[in-house]
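These are the structures in question, set out in turn.
Shared between the two complexes below is subunit A, which pairs with subunit B and subunit C, respectively.
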Partner chain A sequence: MDLFLQFLINGLAIGAVYAIVAVGYSLIYGVLQCIAFSHADTCMVSGYVAYAAMALLGLPLPVAVLMAISAGALLGVIVERVAYRPLRHAPRIMPLISALGVSIILQNAAALLFGPQSRNIDIGVSSLRGIAISGAVLPAAEAVILITALILGIGLYFFLKSTRIGLAIRAVACDAEAAEVLGIPSQAIVSITFAVSSAVAAVGGLLVASAYDLFPTMGVLLGFKAFTACVLGGIRSLYGSIVAAVCLGVVENLAAGYLSSEYKDAYAFAILVGVLAVRPQGLFGASDRRI
Partner chain B sequence: MDLHTVEMINSAGIWAILALSLNVIVGYAGIASIGHAAFYAIGAYSSAIMCVRLGAPPWLGMAVGCVLAAGLGALISIPSLRLRDDYLMLTTLGFGEIVYLTCRNWESLTNGPRGIGGIPTLRVLSVPVTEMGLMPWLIWGCVFTLAGLLWALEHSPFGRQMMAVRDNEIAAMSLGVRPILYKLTAMVVGAMAASFAGSLLAHKLSFIDSEAGFGLSTSVMVFAMVILGGRGSIMGVVAGAILLSAVPEVLRRFGLPLATAAPLRQIIFGILLVAIVVFRPQGLFGKLKFRE
Partner chain C sequence: MNPTMRSLHDRRAALLLLFSTISLASLFGCSRVTSPTVEPVRVGSVLFLTGPAASYGEMQKTGFEIALEEINASGGINGCPIEVIYEDSADNEQQAVAAVKKLIAHDKVPIIVEVTGSGESVAAAPIAGENKTVILSAIDSTEKLSGISPYFFRIMPSDAYQGRFLAEWAWKLGWKRAAMLYVNNEWGVGMRESVSKNFQNKGGNIVQVEGSSEKDIDLRTQLTKIKAARADGVFLLLYPQAAGRCLKQAKQLDLAGPFLGGDALSGEEVVATGGPAVEGLMFCQPSQGEGPAFDAFRIKYQKKYGRAPSVYSIKSYDALKIAADAIRTNGYSAEGIRRYLASLRGYPGISGVITLDKNGDIADAKFEKFVYRKGTYELLR
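And then the complex of A and B:
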């Protein structure tokens, strides 16, 4: 039972990281109807920016966090400009190829600059003892993940619900042409969506670097799992994606604990193929057009 | 020619077989697959395990690899019927990762990163196929045979129907063309050819391990060859394979250490992918116009 609780706690934390990345896929899919293939690599790059700021330049944590978030947002806007915008009216496969190219460039640029070994950053909680919950332990770094993810989720909810830009993002996601007719600059909104999603992913990168390992190709599996969560929850359903991401983290951790940890990364794939074969619109059936 | 040059010619040939095999899937059937290294791995490991562990003759190992790859290819073609490009691309990515993870972790079968050695040399009419001797002729013979087969496919009614499904699935269906037949065939043929390339690699190197290039970077490299050369263009794809497989050699000439050259090579592929789709979507040698 203690073991079960432990797997559950660790699964919730990694699931929260998946959710932070999945939100970006969902938002970008909303405005572009396209999977942002390199989204999880933005997460990785931001993690390295924070690492470089703290470990190499010796800057304090808040500065590093700000740098990572701005770098993430900037990168998102640049990637959209270079790899997506010229291909808006091209066949669907084209932006996928260019995004794959961007993904490879980012991964290998990180490998070139920082080497292939994994890195960590210390956000000042590594010396703290975890929180004991009836025999299981919630490590401090994972507690930070859960709290941050919760704050991000609530913040994003109000951003989309109550701000003019959030409203515009939802309008473009609903119908880009109609939004354009009503005076919403849809191109600018796409850029803003990339910036917001990438900034959120940057926080995810920081959390990964503090609680787990930061390495150049971490975006491949992270992105794959976040995307699986999106499919599971219905990619147009933002909150479906979040719930599915957390569930995926838990299921994956339980399966790794009780079945076999070597194939930990294979479970997400099995889930993805299973869902796509049976219910491509996702478990929460978001065939409606909200995000 | 010295050994190094011949080795380059041989490995370019294996890349060309891989690129041609992916061309069937990406170029003719229009299935965006970035998990192609999986079939390559299946061929290489089938040959290695059959020959070393079970003492089977090389052709049997190749045949087993082709059958396994064909089965998995058929399995992967099922989601391709229902999914759009982006979903499919991630599915194939996941498939490639799974096969790679299996090669690495199923140590009782594959020996994982420690690898399997002592894979016998191929023999053609009891003449051993050595790197300097028959190998380039054998490999490039296979390249030209495969290219010829693809040419025949491209100009057959069957191939035209396959391309019709690629260009407009609904229009093709309305004319009585059933997509499943063509997507399945393309996946199976492409998978078998890639598996064959893997078998050739295993016999060429006589030692393979899970890090011998069966991961995502190989899938991406083959994909880049097809995109660079031009999807659906046989000559283009072979040219793409030769060009991109020469990139590591060019970097080596600059005297870069491996830790720099390997990521730099990948960065070059990434830049090429972006540049090609933005500036020349049909590829360097492609004549096809890909309409919306």
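And then the complex of A and C:
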């Protein structure tokens, strides 16, 4: 039982990380109908900003976190401006390729600037003792991930539900042209969407860097898993993506725990293939529902 | 011919005339130069320059660079400078094979000094063999590479030795029931087999075996199972970065170890990633060299790169020096280089005296034990 609980805790923590990234894919897909493959690399860049601020400039943690989040948001806006906007009316494959290009550039820029080695960010929790729960351990770093993800989720919910900008994002996602006619500046909203989802990804990057690892290609597998979660949940459904991401983390860890850990990554993709065969629109997706 | 075509045609003719004049002039120009221009001697190299284990590429390249400087400063190979054509495999077998094919077909190098990665070399060695191109590996260690092709040689001891050494060490530490965490690739699986076989031969039990993908950042589930197995110790058969990450997560899960692994754990990334969680980690690696040549290299390396050289830099330095020696002795041909390496006996490398056996392997392997203390590792006597 304690083993099951431990697998569950491990799964929830990594699932929460997937969810933080998946939210961005889903939001951006909503307003642009394109997969922003470079999104997961935003996590990596923000992680390095925090690393540079703390380890190289010696700034305190809160300043570094703020810098990382602002840098993430700014990067999102710039990437949208440079890589997506010029291709708005191009065939759909174009922004996809452009996104992959951005991803390669960011990874190599990080490798050039900081070297290929991985880095360690200490947000002050890795030395803390974990919390014991009936034979299992909830490490402090994972507790931070779970709490932060929860706060982000609730914050995002109210942002989209109750603020004018959130409403505008949903309107643009629903129908950009109609939103424009009603006086919503859809271009500005797209930029804001990128800023918000990239800021969220930046927090994800900080969490991954502190609990796991920070290295130039860390976005690759993270992005794949988050994207898998989006497709599983139905990419247009924001909350579907979140639920699917958490489920993905849990199932992957339970399977690795009770079956074999050698094929841990394969389970995620097997689930994806299985679900798509039965429900091509994803678990929570419906062709007419939008975020 | 219409007017546009004609003008195009004229323009082409004019261009052709211009080019031929320039090339003729340059031809005569060259013939007046008294000293002949020396063609550099080119060798290939396929390293991990990017990707999840890119630090290996960096460590190897720095070793090569010092060897290059030394060879070229002392007149190169019979007056010709030596040059390395670096290719990046990004720790990916397909990319490594493509790079090897490119070096063979396009650059026509007779020798490739290093195809990093056991999986990469297992894939590339037969292709190089078919094309009669030598691969001299500096750091590949998996057992499968022994005798894989008459054109494949290496100066890193086979994991057959390292697996035995680790198993015996663990046994001496009093381990009876051991757990194991390995990276699921050619090297990791080879080490898993070698260590398990030797540890069981000693009478030990491997009670939990867990694999992980090279790219996976989350090892908690594997560690949870290992913790539940309550083993006397854990064989850690991972690359440096994953090892650091693993130890960090093990500490968070209150899994104390002890942890024991092979030469991969000497990488500086272990500490960069694992931080204080690395304390107490034990590993073995092939004996580093001794003597004045080794000291000179160490000092030069320290001065140029601001840190001590790892075993990978040291082995890479030796490999390139041996390759240069082979070309100097038997000429710039794959057959000559192959003959030189096949009969290499008692070569005074900085990593020790190198003798290659009939399988292309280093004939004897000595290992040293190390332990991490306060963010760096020290020799265990």
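Just so we're on the same page, the second predicted complex is superposed on the first by the 290 of 291 C-alpha atoms of A that agree within 3 Å, B and C clash if a C-alpha of one lies under 4 Å from a C-alpha of the other, contacts with A are read in each partner's own complex, and residues count from 1 in each chain.
We adopt the following convention: contacts are C-beta pairs under 8 Å (C-beta built on N, C-alpha and C of every residue); 3 or more make two chains touch, one makes a residue touch a chain.
All values reported here derive from a predicted model rather than from experimental measurement.
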Next item on the list: Based on the superposed arrangement around subunit A, label subunit B with subunit C as either clash or fit.
Entry: clash
Notebook entry, point to check: When the two structures are overlaid on chain A, which partner does A:Q117 contact: first (subunit B), second (subunit C), both, or neither?
Noted result: second
Next item on the list: Considering only the touch criterion stated at the top, classify A:F269 as touching first (subunit B), second (subunit C), both, or neither.
Entry: first
Next item on the list: Would you sort A:I35 into first (subunit B), second (subunit C), both or neither based on which partner it touches?
Entry: first
Check: Is A:P86 in contact with subunit B, with subunit C, with both, or with neither (first, second, both, neither)?
Finding: first
Next item on the list: Give one of first, second, both or neither to describe whether A:I97 is in contact with subunit B, with subunit C, with both, or with none.
Entry: first
Note to self: Just to be sure I read the superposition right, which of the two partners does A:N253 touch: subunit B = first, subunit C = second, or both, or neither?
What the structure shows: second
Check: Once the shared chain is lined up, is A:L66 touching subunit B (first), subunit C (second), both, or neither of them?
Finding: neither
Note to self: Tell me the contact category for A:N108 with respect to subunit B and subunit C: first, second, both or neither.
What the structure shows: both
Check: Superposition on A: which subunit C stretch among 27-35, 63-71, 117-125 or 315-323 collides with subunit B?
Finding: 117-125
Margin query: Identify the residues of subunit A that lie in both the subunit B contact region and the subunit C contact region.
Written below: 107-108, 111, 115-116, 216-217, 220-221, 262, 265
Item checked: In the complex with subunit A, residue positions of subunit C that touch it -> 50-52, 54-55, 57-58, 184, 210-213, 215-218, 220-222, 224-225, 228, 241, 244-245, 248-249, 251-254, 268-269, 272-277
Note to self: Per the contact definition, I'd like the list of subunit A residues that touch subunit B in the complex.
What the structure shows: 34-35, 37, 82-83, 86-87, 89-98, 100-105, 107-109, 111-112, 115-116, 216-217, 220-221, 224, 227-228, 231, 262-263, 265-266, 268-269, 272-273, 276-277, 280
Next item on the list: Spell out the residues on subunit B that touch subunit A in their complex, using ranges where they run on.
Entry: 30, 32, 34, 78-79, 82-87, 89-91, 93-95, 97-98, 101-102, 105, 216, 220, 223, 227, 259-260, 262-264, 266-267, 269-274, 276-278, 281, 290-292
Notebook entry, point to check: Residues of subunit A touching subunit C in their complex?
Noted result: 3, 6-7, 10-11, 13-14, 107-108, 111, 115-120, 122, 126-127, 129-130, 137, 139-142, 208, 211-213, 215-218, 220-222, 253, 256-257, 260-262, 264-265
